[in-house]
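Presented sequentially are two complexes of subunit A, the first with subunit B as partner and the second with subunit C.
Our next item is the complex of A and B:
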């Protein structure tokens, strides 16, 4: 009996109780300690991406794609402008590491149309650029393994395999030799100079705005 | 993590199915709250029934508090939610037309369909009128288009235009809601009871 009576008394006050709960919850939002939210992807996903070897592309694979004129490749040179003007891969775009987050370049990096291949002299600048941009949730980013040094060692100036090496090594060597010729090795010197001195053509990437869906309805 | 569909946790194909389920639930709640009665809806204008104000204000407050707690816990990314763009003058004029229609007809578009569903004749007449209104609007759209598309302030919220933290806005909004509830009860106690 008394239990019923207590419940009844509680139910009479139900609107006050609900109003108090609403008030406490709203006040809780104001009083909760604020923290700065991380931008971009979750840390565990980020670590998973970093340790995945898929983020590297080998010089042979890149050469193959360039020779076949793969239209989805977008090369980005992360070295300084000076170095870029001295030598760059064909059709590369120069985005120095310190300008990576510059708004002008955002349309090149934050997109999902091209496979972006970052390179520098070694892995280091390209890796840093990769880490910064993939932390922000950008996709389709790759790093040229070994960078330009590896490019020179394998494509431009490949090593002749020993005679005891398997057939695959010789196949690879001849592929590299042929690819090197495609990129201008063995041409007349003055001509080579001409090729390297000409400014690489900039690829135009249309900056796609993310579509927002318009919900409909009302009361 | 959320919103669930844009982040691919629920496939995009489920969009319409979930929308239909939410629609069922919404219609059920409208009917269960008695909103398919035009007398109940019009009561808020005459001061004898404030259920409309209480239900919609409560749902707004509960939703916004819940969303911001979920945002705090990283369950939903508030910045990913769509904000309806504000067309200032179109909203003011449209709101006034809607208010007159609401008061004269005793339904808002959603509740009129609820009334049709339970076979109310006034609801059916209202829905016919609504359809004629939609037809006239669509046919004269080219004339109305300048008004329709002018004074677009973009996807703004009070947080952007006032520059106050959203948590304070929610807190103030909650207090306004509670005061409005108390005040509406006070008005109702002063107004002559209407049997409906």
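Our next item is the complex of A and C:
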């Protein structure tokens, strides 16, 4: 009898009990996001990204794309403003590493139209910028392998290959030489030295005129 | 009767709901590794440059204060490594045994000093560890290479411009490497052969 009574009492309050369970579960949801604190991608994916060398672009490839005026290339200089003002690659945009996450620059980095190529003096800072952006899940970002130091070694001052090297080395050299000229090596018009050899003086052979001889009297 | 049907429906849906929730909770896997630091904090640390150690700074520390970690591949490590260094390559850092090791280092207040082929190599591992919350990790700013088959460690000047770019460009512009000298070939003077004209001889008086 008492059992039945209890059940009845429980049934009367069934809505309250159900509501209470839902309420507790809802409260549990508040605790859940604690595990989802991960900003951006998960660590496992992150490791895969950082050990992959797909992000590096060689100076030769970059030079080739710039010379061919590839409209999808956008260069980003991650060095300080001062260094950027001293020298920067043509048409580069300066985003100092410390301002990488600045909202003003978000439009440049978080996009999928351009191939963004990050560079610095080496590729240390550029790589750090890349790693942070990659954690946020940004794509289309590349790093100039070796940075400006490599750029100057290969494009601006290419080394003449040894004579024993294969033809490819020479082809590469002449490509670099030509690319270097595109980027301004030897572009100032130096006075074209007109070496005009002085005209050799005509040798004038003066032939002694024979004096008109006064007709000698005959005999 | 209607009331009973309603109760049935409610209790069935409530049971189903609870079932779904319990399944969800049971299957929920807590991710093994979670980033502790967000990108903003990481960026601040990067800019501070506190995480870079030079060889001389390493020498001034006692060996009980740190643990050297070689983040190159196992193959490279067996060829040669710094004394007392242990090998944890970058892609193995997240393995549970290695994570435990880093936890131990934190507990014993030891600095985890990372090195690789160059600082750039070590940087990847460092950024991973820092974002996972291991603030005791640092980068040893060195290059490792082989000279006469001997493992050598040398200091690396980080992000140092090899040349003064602006100056070099200026020089390169004004002193072109290959100037084509416009040599105008002098015209060869035509050889003029002057034939001595035979002079009309005034008839000499004959006899």
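Operating definition for what follows: the second predicted complex is superposed on the first by the 157 of 219 C-alpha atoms of A that agree within 3 Å, B and C clash if a C-alpha of one lies under 4 Å from a C-alpha of the other, contacts with A are read in each partner's own complex, and residues count from 1 in each chain.
Operating definition for what follows: a residue touches a chain if its C-beta (ideal position, glycine included) is under 8 Å from a C-beta of that chain, and two chains touch if they have at least 3 such contacts.
Since the structure is predicted, the reported quantities are computational estimates derived from the model, not experimental observations.
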Which superposed partner A:14 touches (first subunit B, second subunit C, both, neither): second
First (subunit B), second (subunit C), both or neither touched by A:61: neither
Which of subunit B and subunit C A:97 touches, first, second, both or neither: second
Touch count on subunit A, higher of subunit B and subunit C: C
Contacts of A:205 with subunit B and subunit C, given as first, second, both or neither: second
Which superposed partner A:132 touches (first subunit B, second subunit C, both, neither): second
Subunit B versus subunit C as contact partner of A:123, first or second or both or neither: second
Partner chain(s) touched by A:172 [first = subunit B, second = subunit C, both, neither]: neither
Residues of subunit A that lie at the interface with subunit B and also at the interface with subunit C: 22, 25, 37, 212-213, 215, 218-219
Subunit A-touching residues of subunit B, taken from the complex the two chains share: 56, 58, 61-62, 65, 68-69, 72, 74, 82, 84, 108-111, 167-168, 170-171, 173-175, 177-178, 181
Residues of subunit A defined as touching subunit B within the complex: 15, 19, 22-23, 25-27, 29-30, 32, 37, 212-215, 218-219
Residue ranges of subunit A touching subunit C (in the complex, touch as defined): 11, 14, 18, 21-22, 25, 35, 37-40, 42-44, 46-48, 50-51, 83, 86-87, 97-98, 100-101, 120-125, 127-128, 131-132, 135-136, 148-149, 152-153, 156-157, 180, 184-188, 190, 192-200, 202, 205, 207, 210, 212-213, 215-219
Interfacial residue positions of subunit C with respect to subunit A in the complex: 7, 10-11, 14, 17-18, 21, 30-31, 33-35, 38-40, 42-43, 46-47, 90-91, 93-94, 119-120, 123-124, 127-128, 131-132, 158-163, 165-166, 168-169, 172-184, 186-187, 189, 192, 194, 196, 199, 202-207
